[in-house]
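Naming follows writing order (A, B, C and D), and every chain is counted from residue 1.
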Amino acid sequence: MQLGMIGLGRMGANIVRRVVRDGHTAVGYERKLRNIEELRADLGENFRGSTDLPEFVAMLEKPRVVWVMIPAGATGAVIDQVAELLEPGDIVIDGGNSRYHEDIKRAEKLTPKGIHYLDIGTSGGVFGLSRGFCLMIGGEAEQVKYLDPLLRSIAPGLDAAPRTPGRTGDPSTAELGYLHCGPAGAGHFVKMVHNGIEYGAMAAYAEGLNILHKANFGAAHKGEFSAEETPLEHPEYYQYDIDVPEVTEVWRRGSVVASWLLDLTAGALYADPNLDEFGGRVSDSGEGRWTVDAAIDIGVPAPVLSAALFARFSSRGESLYADKLLSAMRQAFGGHYELPPN
Amino acid sequence: MQLGMIGLGRMGANIVRRVVRDGHTAVGYERKLRNIEELRADLGENFRGSTDLPEFVAMLEKPRVVWVMIPAGATGAVIDQVAELLEPGDIVIDGGNSRYHEDIKRAEKLTPKGIHYLDIGTSGGVFGLSRGFCLMIGGEAEQVKYLDPLLRSIAPGLDAAPRTPGRTGDPSTAELGYLHCGPAGAGHFVKMVHNGIEYGAMAAYAEGLNILHKANFGAAHKGEFSAEETPLEHPEYYQYDIDVPEVTEVWRRGSVVASWLLDLTAGALYADPNLDEFGGRVSDSGEGRWTVDAAIDIGVPAPVLSAALFARFSSRGESLYADKLLSAMRQAFGGHYELPPN
Amino acid sequence: MQLGMIGLGRMGANIVRRVVRDGHTAVGYERKLRNIEELRADLGENFRGSTDLPEFVAMLEKPRVVWVMIPAGATGAVIDQVAELLEPGDIVIDGGNSRYHEDIKRAEKLTPKGIHYLDIGTSGGVFGLSRGFCLMIGGEAEQVKYLDPLLRSIAPGLDAAPRTPGRTGDPSTAELGYLHCGPAGAGHFVKMVHNGIEYGAMAAYAEGLNILHKANFGAAHKGEFSAEETPLEHPEYYQYDIDVPEVTEVWRRGSVVASWLLDLTAGALYADPNLDEFGGRVSDSGEGRWTVDAAIDIGVPAPVLSAALFARFSSRGESLYADKLLSAMRQAFGGHYELPPN
Amino acid sequence: MQLGMIGLGRMGANIVRRVVRDGHTAVGYERKLRNIEELRADLGENFRGSTDLPEFVAMLEKPRVVWVMIPAGATGAVIDQVAELLEPGDIVIDGGNSRYHEDIKRAEKLTPKGIHYLDIGTSGGVFGLSRGFCLMIGGEAEQVKYLDPLLRSIAPGLDAAPRTPGRTGDPSTAELGYLHCGPAGAGHFVKMVHNGIEYGAMAAYAEGLNILHKANFGAAHKGEFSAEETPLEHPEYYQYDIDVPEVTEVWRRGSVVASWLLDLTAGALYADPNLDEFGGRVSDSGEGRWTVDAAIDIGVPAPVLSAALFARFSSRGESLYADKLLSAMRQAFGGHYELPPN
């Protein structure tokens, strides 16, 4: 089968690599000729590319399969452009991180033209080439079925995890690593919630490890506590000099909190035990926000996911005005003064 | 009636002022002679003081009433000292911010000696002289009753607030501003929870006003959003240049969030509209922590009070290691880089 | 000056009462003739009403001032209807609880017709008649100025609160209880955040009082703790039988947490000490959600306000599926069984 | 090497099985003869047991290694008992879920007698036999080293996870699944934080899946919204009928949130897709509480871990009084009535 890929950045290129290595062919579009050439050198004649969009479309077999894998901000315009060049029966896929609202609007626009639209939330990050990509798909069932050979090649496959007890016989596609989640937008909806969970789980590790990091507070704090500090009642309970990188390593084997995120954390702490490389300003790219927005819309409590989101905002200094207000109130009612910086 | 006061700082001195102005007499102990002289100059002969503890005790009528009003860290030792000088039937009061665990232990120690112990959580801050002090009392009912004339003078009195609908006839002591809450520790327990609530309410104002403060984000953010930022979908909704000090002022009249804390906030913002005086490192002096500890011990959910507490910790930079971990994870799985500082 | 009011429910009728009592005249529109007649009986000839919208409009002096005070769900349609009957120079006001997005859209629609649109977030609830209403206003400055005589009558006035220290001379309108917050939508934006803060402050009281309510847990829990319960390490610390209604009363005078919400809480607990009237399913009517949405849009941390919001969702059973998942996980990894219901 | 095990429940028996299968011998103490006989039948002559504590101790080679693996509530008394029977040089291990404070006290009590005390936080639950147990160890380095052959057999071993990139050569013990974390208490301290993280990660999944579970809210809510409900602005965005069990399955392969907890969740949802077996009353057995307590003591923010903890309290109905208070306040200021139950 043939895959057309718009955007040969890391994600797009690695998806192409997985399908071509699995016996399919691929055609790529990308502004940077160099990216095309590199992929050609890697994959040989089963991959061709173009820096010209109409030429790219012309290189595709019908019905055309066009997977768009570019930054979310640019996706809408590119889909509009390419849709002008497509014909009824063709399939266009947004594999990026669009908000699912956009998918619903795009499907409504493309369906009357006979063009099929799929949204495929794609997880796997920089490890997707070797691990395979987890695919969460929204759109019409018929097209998802049609694309099955490609999806199967992109996804990790059954062996990527031990089979869930009780599941036997032919695996479901979910067991292979891809799932048709529902109509337009359902793929990005599930991917959005996936990222929301990711924020919460990341924060759980970060908070816990921060406690371990400061477990020697009783030993470290030799001096007196000022009137504006809470004295530590039991310094004898906080005399531990914990090797946090080793703790993350030991938890990888046999513990309840073993996970891929923990694997990565252990790797990051092994490479840079004090995390000197980082300043602690944590970005967020939208999905965590949209997850909380969705929870609020439908009345579902999300205290953990929202706490994780807001901790990122705070890490970027966005609490400052609120904090100043608190200090101002404390001074107003109690005559308290702020502590000087550490 | 006569009140003995150990500690003539702002709180202790103002309590003395209220009782003497109401026709009682008072005796003060304090290391700084100057504080004693000032109070004497202010109150005349109905106040006497000493810088010598035994002399102070000797100046008191029996049964002696000794109110200790000094920083929590020093209270225990001073109570031990003065208890050595007291006799059966005397009353010693901790009016400071001790953890209520201490009260239980002290009462157990003093009761066998025939010395009565009361814990009186005292709210009112720097405004207590004019507003009166709100008193939350733990200890034996008989002693609370005995002290009634003094408590009545220290507390704000019935007119400090409109009477609660339905309450008629002789006011309860709660309506006068003091309450016997239960046995030893109950006063500080109620005061602890009072402060826990205070943290939550303060944070509610601070978070809300921070939103108003940044309500012009759509206008302020002229440039493009980078790949590591979430684009603002509707900049047209965030074009407001809100006068936050005036908003706090307007809410003081007729709104549901009118409160004394809001009065103080309006005052602070009027005096220093940009809060330039403050750095945003918010202290906490224990009660908020103990409130959450108590909630955890007895299995009561306290998501708001704990979020308020942890925001203070974060304001002091205590999230840094956790934040670095989040950035490290994001780089590990997604190749994301941190945003540079603002 | 003359006020036209659409909707003579409690809020609308009380606003009319305040302006007429202050020497203005008012015209009301309302489907229920009875509401009109009642107000007429109360206010005499300075109030007239109609159950017919065109007749109502015809009764108004030009430039007409039409204040719409009906449930948010119906406001949009009514404003559309009445706008058809208005002329350039007329003023239409939404005094209800619309989302501020709507205000921006309505102003855009009405401005080309020469009709002025104001959004006035109105706080005061069932007590507005006596306390006055706190008014947060969005729209054009000129119209706000024109309406000044009416706004002044509706708002509480300077004496409703002690003047903020430092403020002297002619009071600002904020000191009278009304504030022009900015262009269209600014009034409802500030009102929205006001309600968000209200959620947070309410939750702070509720959580704290819940701790007091259960402060006798050590005495109450006589039995053994099962393997699925956390034993209480220090039962001696939780032996308090706190009179929660009296505590809310004592905090009303002199304490840092004194507020109008506390006044109401004390009243509710005096009337129904065990709150038997309530089931604990807490509604939310939008503003708290929109406040958190806004915080998320502009990247402002709101951990306390969101925790308060989500607690309401949970109170309505919306955590159930999540809770079942937690129990399922605990059983899966640890063989733990759920505790039976209390 | 020889292991003495007190408590042959699931955890204790499986630890014994792992050491005996690896060529060591074991002696067990347990009140229920049946448990001993079963293990004997399974393991043959390399395992012996007794229902009599002195006999058990007499069966051990010196220096004796006594691992206590019983419910936390009973551990202290049993350690006291067995310590009476031990001699200088012997080693006693608490492998259960004691609070680390206890370890510090026990070590202080046993050290003067020449008895070595180790605390070994043991994770692995019901799967430990096949997966191996993750061991977090506190105590003297010399004893940890002495026990290395046993620890190595109990822990999962290097192959249980892919090696962390950059780690080469002889693996650290953490890479084998056991770690000496520090002096007495350090093992249970790290295990406590492990469980705290577990709470947070579990809640992240549960909240996210709850959103997916209710993603059809726009389709499901056909009727009008009452005045006490927030209308859903965009029902078209919530029309998804998500197959939550399949989503958990697809995330197991290639996604960022892949984890052992997710594996178990997928298993639980496959076995019981609607979780009918569960009532949603989520227990907590202490470690999550103690983790938050520790965070508070040392001033480390833990908003996510505490939100997860409090959600469990709420699942057991512990918010009820707070929720009633909120409803009472809403009625008081706004005349709002509670919604009837669903």
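Criterion: a contact is a pair of C-beta atoms (placed from the backbone, for glycine too) under 8 Å apart; a residue touches a chain by one contact, two chains touch by 3 or more.
What you see is a predicted model; the values in this text were computed from it and never measured.
Over half of the residue numbers at the chain A-chain D interface are used by both copies of the sequence.
Chain centres here are C-alpha means, and the one lying farthest from chain D is C. Chain A and chain C have centres, each the mean of its CA atoms, that are 38 Å apart. The distance from the centre of chain A to the centre of chain D, each centre being the mean of the chain's C-alpha atoms, comes to 28 Å.
With centres taken as mean Cα positions, chain B sits 44 Å from chain A.
Contact of a single residue of chain B with at least two other chains is seen at positions 125, 203, 205, 207, 209-210, 214, 230, 233, 256, 260-261, 267, 289, 297, 299-303, 307, 310-311, 314, 316, 318-319, 322, 333. For chain A in complex with chain D, the touching residues are 100-101, 104, 123-125, 128, 131-136, 155-157, 160-162, 164-167, 172-179, 181-183, 185-186, 189-190, 193-201, 203-205, 207-212, 214-215, 217-218, 230, 232-234, 236-243, 246-247, 249-263, 266-267, 270-271, 291, 294-295, 297-305, 307-308, 310-311.
Chain C contributes residues 256, 289, 292-293, 296-297, 299-303, 306-307, 309-311, 313-314, 316, 318-319, 322, 333 to its touches with chain A in the complex.
On the chain C side of its complex with chain D, the touching residues are 10, 71, 73, 99, 125-127, 202-203, 205-207, 209-210, 213-214, 225, 227-231, 233, 260-261, 264-265, 267-269, 272, 275, 277-286, 289, 303, 307, 311-312, 314-336, 338-342.
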